[in-house]
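As written, the chain order gives the labels A, B, C and D, with residue 1 at the start of each chain.
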């Protein structure tokens, strides 16, 4: 199979809606590495993926429709602290949840690095594909 | 797609039954952070989700039907130490398993933070959707 | 729904074949906790689950058909170091893979605790259901 | 069921395309253990699996078609630093993504061990099966 056909076939197996119930930005860091989370998106197709990211909280209305782009045949590991809409960002130290909507099928994994206490900790999950 | 339609479509892709075979409440902690587990639930729909959580053990009958609520368009990161029914709680330091039943489709992720030995460790899995 | 009906419905959504490609028993430990892996099995049904566990290696024939039992309405977190057939066990410090076959549907998660270097590390995955 | 039939049935439930959006080779290590990632592949079938591994980046064209083999009834835990095509390797310290294509169905899990700061951290995910 040539690369173009492979990209198209692979892309079609992706999902346009991914869910990550456990979001949390650790407020503290220690050592050289800064605590952070990443939403890791892979776009195997040729066209750019227009993302709309929605943030759900425990005690207030969601922050909906944060826009991001992942170019074709590229990955992006998006730091959650970089997400912003109308000046609003995800606060540190509060439990939240993430959904990622894309106009073309993509693949999404979520990882967190926590250095609140000295020495780092890692966790990672494949996001849940909500339209399969 | 407007927000309401999106919420409904997303919710329908969730599951009403999620399974987490590896539950364990670490009995010890060190440093500033307390060892704990969280059942992270996302309810994208408008209506509140009525949860019934069941706990399975290695050597005795399950503790069934612990009730929790997750309001519409909200997430809740439920600490397993907070679960209680008729005065019974999940004991620390014993292997157990969790199932989460919901009256409307939701999404569930499970995470554990362990500070038994100094410096924290993290693990996380997407729960297994048992009715898909 | 009463408990019996619920158990049966849930059990039917489990899988009779689960796959864990990344097995590894850390040969070293430090601190109070011993490095170990667990195959965490949940049996929601009434009948006992007869397991047959198969171990694949990088450079030799698999060790097949290790027998274990998980009673009905019980979980078991099986340490991989306890697995044994005809005197043969999984060696420490070598990469291997695990498949878990069950005569009734169950749910399987795999977790590893590593204390090779001081302070523990954790990882966990839901096993892959190979007959869904 | 005899071993041969079991192998065939199991293999057929695998996938020929797996996706890992979050790849990262930590550039630093400390202590006795070296930071690394492994692509853990299980081939339950009799025939060898011919793999083609594709690496996607954030800011340039993918590195496609790295060839690896996993013999029948074997597992291989492939270190990402060992992947090479025409002298090109995956650089350390940059976010990337992985897809694994196989000519026969296999199972894939991805794990990372990070010792950038003293004491190790682990993370692991089941890769996403893109042709199921």
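Everything below uses one rule, namely that contacts are C-beta pairs under 8 Å (C-beta built on N, C-alpha and C of every residue); 3 or more make two chains touch, one makes a residue touch a chain.
The UniProt protein names, listed by chain, are A, B, C, D = Sensory rhodopsin transducer.
Note that this is a predicted model, so its numbers are computed, not measured.
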{"item": "Same-residue or different-residue interface between chain A (Sensory rhodopsin transducer) and chain B (Sensory rhodopsin transducer), half as cut-off", "value": "different"}
{"item": "Relative orientation of copies chain B (Sensory rhodopsin transducer) and chain C (Sensory rhodopsin transducer), as a Cα rotation angle in degrees, nearest 5", "value": "90"}
{"item": "Chain separated most widely from chain D (Sensory rhodopsin transducer), comparing mean CA positions", "value": "B"}
{"item": "Length of the line joining the C-alpha centres of chain A (Sensory rhodopsin transducer) and chain B (Sensory rhodopsin transducer), rounded to whole Å", "value": "21"}
{"item": "Between chain C (Sensory rhodopsin transducer) and chain A (Sensory rhodopsin transducer), distance of the C-alpha-averaged centres to the nearest whole Å", "value": "30"}
{"item": "Chain B (Sensory rhodopsin transducer): positions in contact with at least two other chains", "value": "118-119, 121-126"}
{"item": "Touch list for chain D (Sensory rhodopsin transducer) against partner chain C (Sensory rhodopsin transducer), complex", "value": "3, 6, 10, 13-14, 31-33, 38, 40-42, 44, 73-77, 107-109, 111, 113, 115, 118-126, 129"}
{"item": "Complex contacts: residues of chain D (Sensory rhodopsin transducer) adjacent to chain A (Sensory rhodopsin transducer)", "value": "17, 19-22, 24, 56-59, 61-62, 64, 95-97, 99, 101, 112, 114, 116-119, 121-128, 130-132"}
